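Below you'll find the structure, written out as structure tokens, and then a few comments.
To keep things simple, chains are lettered A, B and C as they appear, and every chain counts its residues starting from 1.
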Amino acid sequence: MGNHISLLLVVIPLIAAPIVAVLPRGRLPWLATLIITFICAVLASSQLWMVLNDGVISYELGGWAPPWGIEYRIDAVNALVALIVAAIAAITLPYALLSAEKEIPQQQIPLFYSAFLLCLTGLLGITQTGDLFNVFVFLEISSLSSYALISLGRNRQALTSAYQYLIMGTIGATFFLIGVGLIYSQTGTLNMQDLAKLLPELAHLKTVHTGFAFIMIGIALKLAMYPLHLWLPNAYTYAPSVVTVFLAATATKVAIYIMLRVLFTIFPNDFLLATPTYDIFILSGMAAIIIASIYAIYQSNIKKLLAYSSVAQIGYIALGIGFASSKGITAALVHLFNHALMKAALFMAVGAIIYRIGSCNMKNINGLGKQMPWTFGAIVIAGLSLIGIPGTAGFISKWYLVTAALEQQAWISVAVILFGSLLAVIYIGKLIEALYFKPVTDSNQSVQEAPLLLLVPLWVLVCANIYFGLDTSLTVGVAEKAADVLGVINTSSISGVMNK
Amino acid sequence: MNPEALILAIILLPLFGMFGIITSRNHPNIREAVTLITASLVAILVVSLAIQFMDGNDFAVTIAEPIPGLSIAFKVEALGMLFALVAGLLWLVTSIYSIGYMRGHKEKNQTRFYAAFALAISCTMAVAFSANLFTLFLFYELLTLSTYPLVTHAGTDEARRGGRTYLGILLGTSIGLFLLGILVTWFVAGTLDFQQGGILAGKLDPAWAGLLYALFLFGIGKAAIMPFHRWLPAAMVAPTPVSALLHAVAVVKVGVFTLLKVTIYIFGSDFILSNDITGGLIWVAAATILFASMIAMTKDNLKARLAYSTVSQLSYITLGAMLASKAGLMGASMHIAMHAFAKITLFFAAGAIFVATHKKLVSELDGLGRAMPITFTAFFIATLSIIGLPPLGGMWSKWYLGLGAVETGQLLLVAVLMLSSLLNIAYLLPIPIRAFFSKPASGSHYTEITEAPKTMLLAMIITSITCVILFFYPDPLYQLATLATGGS
Amino acid sequence: MDFFISHYNYWIVIFLMMVGLYTVINRGNLIKKIIGLNIFQVSVFFLYISIGTVKEGAAPIITEGVKLYSNPLPHVLILTAIVVGVATTALGLALVVRIKESYGTIEEDEIHEMDHSL
């Protein structure tokens, strides 16, 4: 049993997806999905536990030995990301019941859960596989299902956003495919470990460079790295609330995971240092933090505000990657985890508001804080976490990120990170002010607190935000281990690059 | 009670009080009783802690360790003890006062007011007992956030604007500069624990140390050094008890207290003195003292005038910290207490005037002295203490500050201190004098105006008498301040 | 010149790729965008298939007397990619149908105008 966990994580939701689709309407599809996601969460956590205790797990699909067969290879990095994905799915699902009934047409609900499971399959698959082409396949499974999920939104803009995302996402995936093809043409293998062995010899080839560039741009599109983020704000804004919660917390995170894999496992360090990769990460990260945060300040739609904030937060992670030190990677991984917690909580809270008043526009939420104190409290705490107030999870990731920057004496980055926090103060402050300090509008007088089924998952996440701000043995411990696995890198040789 | 439990009890009691206040929100009498009981208990505990501490007991407790080497931990040391003592005692007095004020003024949302107030005190106590800079920062930020609802209490546009300035400057400076300073310290020293003699000496080039000190000086926005002082006048939109306790005692003193802690336990006074780290920065404090006093003279709104006076007085403490000599630090530590008692009396009086007459402007106070003799007598005593005249407590701290300036040979600073005292006289003394000796604008004496509610008077009497007592009996403060500055 | 001729498969791939991408970017009609996307993807299929060929190699079916085979793996991979491509196209077209239903047009600029006037 233990050996098959990595496969089961992918296969169980995959098999469940078509079954859920044909279940009768009503709450049965939800229940089935709920059970599946909980099984996945349990499997993912036991997998992480096994990896931490026994080291790397290698699973040969169908008994074909790598590098010919597909290998699932689990170390601390992907075990962590898989746990994030599965856990967020499991927390989202109880929330999904009411929120989906409210926002998605009755007859599409079984299909919604089916697509949700497919998306979960794809995301978990990406984290499990050790084969580059397999990554592409799972990437497309998750992307296609998320296009469908987004298009279920209530407004017709959901359709155009999904379409826009489809075009951008497919271009990204195809770029990735081109890159993989070019690398394959030189190495003849798709297995990540095998590639890591072969590539140092071939690093001078132009084809490898080209392939690398294609892969990078492809993934950067998927993870909405600035300035390739254009699909994200609309997609998150117009998708149903549940979908936004799930995607915001997982989809980009998984893309970041592939990015880390490609950079640190597959490609040799010397190769990366010969390219401007890290500089690009740092520049893109800084631009994302500042520009996307400023965009966020001027949004009047709360979901869009949070979506732009996501772009900015991805910028922090890009910065961490760009530092290319073990501290930087630790920071990036910790923030990956923590940002999933806080953004999921925030989007859930907004979903609860939409559940009650059917809108998430700034001008419609005036004074709701008094009507919905629990939802409001959740927004405050998750918002503080987003800003990075000590005592919350957000502070821990910022702390590690800034120490990573200080280590390289990258003063501009330090300034940008702290400035980004200030901008977050402004946009979260705007939200809180509208919710609490503006007088209640007449139409909101009779609004009640969101139902318990929405509040419980929300507060589970909020408590997690505080818990992981005080006890970081899980997050930081695993992230440090993961950074070791990724095996980074001498900091001295690149500190000169950062220090300009 | 064992020592660890005592610290935790002092920090947690206001928190429990807060829940008690919230649950009894529909019964104002029970709610106020909860506030008073909690405040009295805290006061008793703080005093007993102080007695045990003076007996030489050690108190330390660690709560959690989020990042290896960085813990949320509490430890009692002299400076923190002094600060906790001031805050704990004054909370009790302010509680008595605010019941009269809130009822006399028929404020809305009183439950939120008392609850946020208790939370703010809890944070203040936690700051006072912080064992390292990380813990201190954590509660420093929580204090900012918990006082935000108090500042915006009125809910008007003006209050919201004030609240925005308040939050913007305090969070902005703390995240942008203070946190950066903490991170750099952590990076350089590898620890953030407060240690006698500092943790930075020998690890940091003095030139960089000056820069780092500047990060702390400006980053600790609660110390209201110019140009980051704007939040304090903005916060005056809050109800007067808030201005009294938080913006004369808790919040602002947390600022200067933090600066003193950083000076003594992070930099170390020897390190500062031997390398002249604060040589240039000290003039920022001197300038703040003078400018703020001058601005205070132009303000006709009584609370605004007091706010600018606070800005100026805070810089006394900052100045003392930056002198870093023994006398300077002594003066700064004692001024935390002396200024607290005097300034809270002034705010109490301002609130009493407002409740009784609804007057906010200095120019409207002519002739009110006869109608409200107790209020204005208290105001007068506190004024003298602020100016630093005997027989009032304020004299001692100014004495040591002046001594510190002389000791370090900064004669120009002595001149600044003296000039500032003259300015104090110019902007504060006319208020009681006009109240007692001028005729009201209408020409006839007030007959319809009487003193404010009794609880408010009681609070004022207690604090103004304390100002006098502290002149004759400054011994506990003196001992704690001596301990804090490393003497025996 | 030899260089050009000997790498003719790459030129075809690059040409198709550019045509596809240009169509996606430049055309306002949602269907045409999808057609462009298809051409773009097909060019990648060509790339894979052509790099799988080994000079003088036979089709990878075990036959007596043949020593040199083409590499079958890229072809197999591209079968998967084709399936993905078909699914993408189907989903894209389905979205276009829904867009047409709710907006009454499939021209991008008109859709933008309608959303802004809301």
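Simple rule for what comes next: contacts are C-beta pairs under 8 Å (C-beta built on N, C-alpha and C of every residue); 3 or more make two chains touch, one makes a residue touch a chain.
Fair warning: this is a prediction, and the values are worked out from it, not measured in the lab.
If you sketch which chains touch which, the chains link end to end in a single open path, with no loop closing it. Chain nearest the geometric middle of the protein is A, using mean C-alpha positions. Averaging Cα coordinates per chain places chain B and chain C 70 Å apart. Per-chain Cα centroids separate chain A from chain C by 28 Å.
Rounded to whole angstrom, the centroid-to-centroid distance between chain A and chain B, based on C-alpha atoms, equals 44 Å. Contact with two or more other chains is made by no residue of chain C. Contacts from chain B toward chain A in the complex involve residues 64, 66-67, 72, 134, 137-138, 141-142, 145, 152, 155, 160, 163-164, 167-168, 171-172, 175-176, 179-180, 183-184, 186-187. Residues 133, 136-137, 140, 144, 147-148, 151, 156-157, 159-160, 162-163, 166-167, 170-171, 173-174, 177-178, 181, 184-185, 188 of chain A are the ones that touch chain C when the two sit in their complex. Those residues of chain C that touch chain A in the complex are listed here as 21, 24, 30, 33, 37, 40-41, 44, 47-48, 51, 71, 74, 77, 80-81, 84, 87-88, 91-92, 95-96, 98-99, 102-103, 111, 115. Chain contact summary for the complex, chain A toward chain B: residues 384, 387-391, 396, 399-400, 402-403, 406-407, 414, 418-419, 421-422, 425-426, 429, 433, 437, 439, 469-472, 476.
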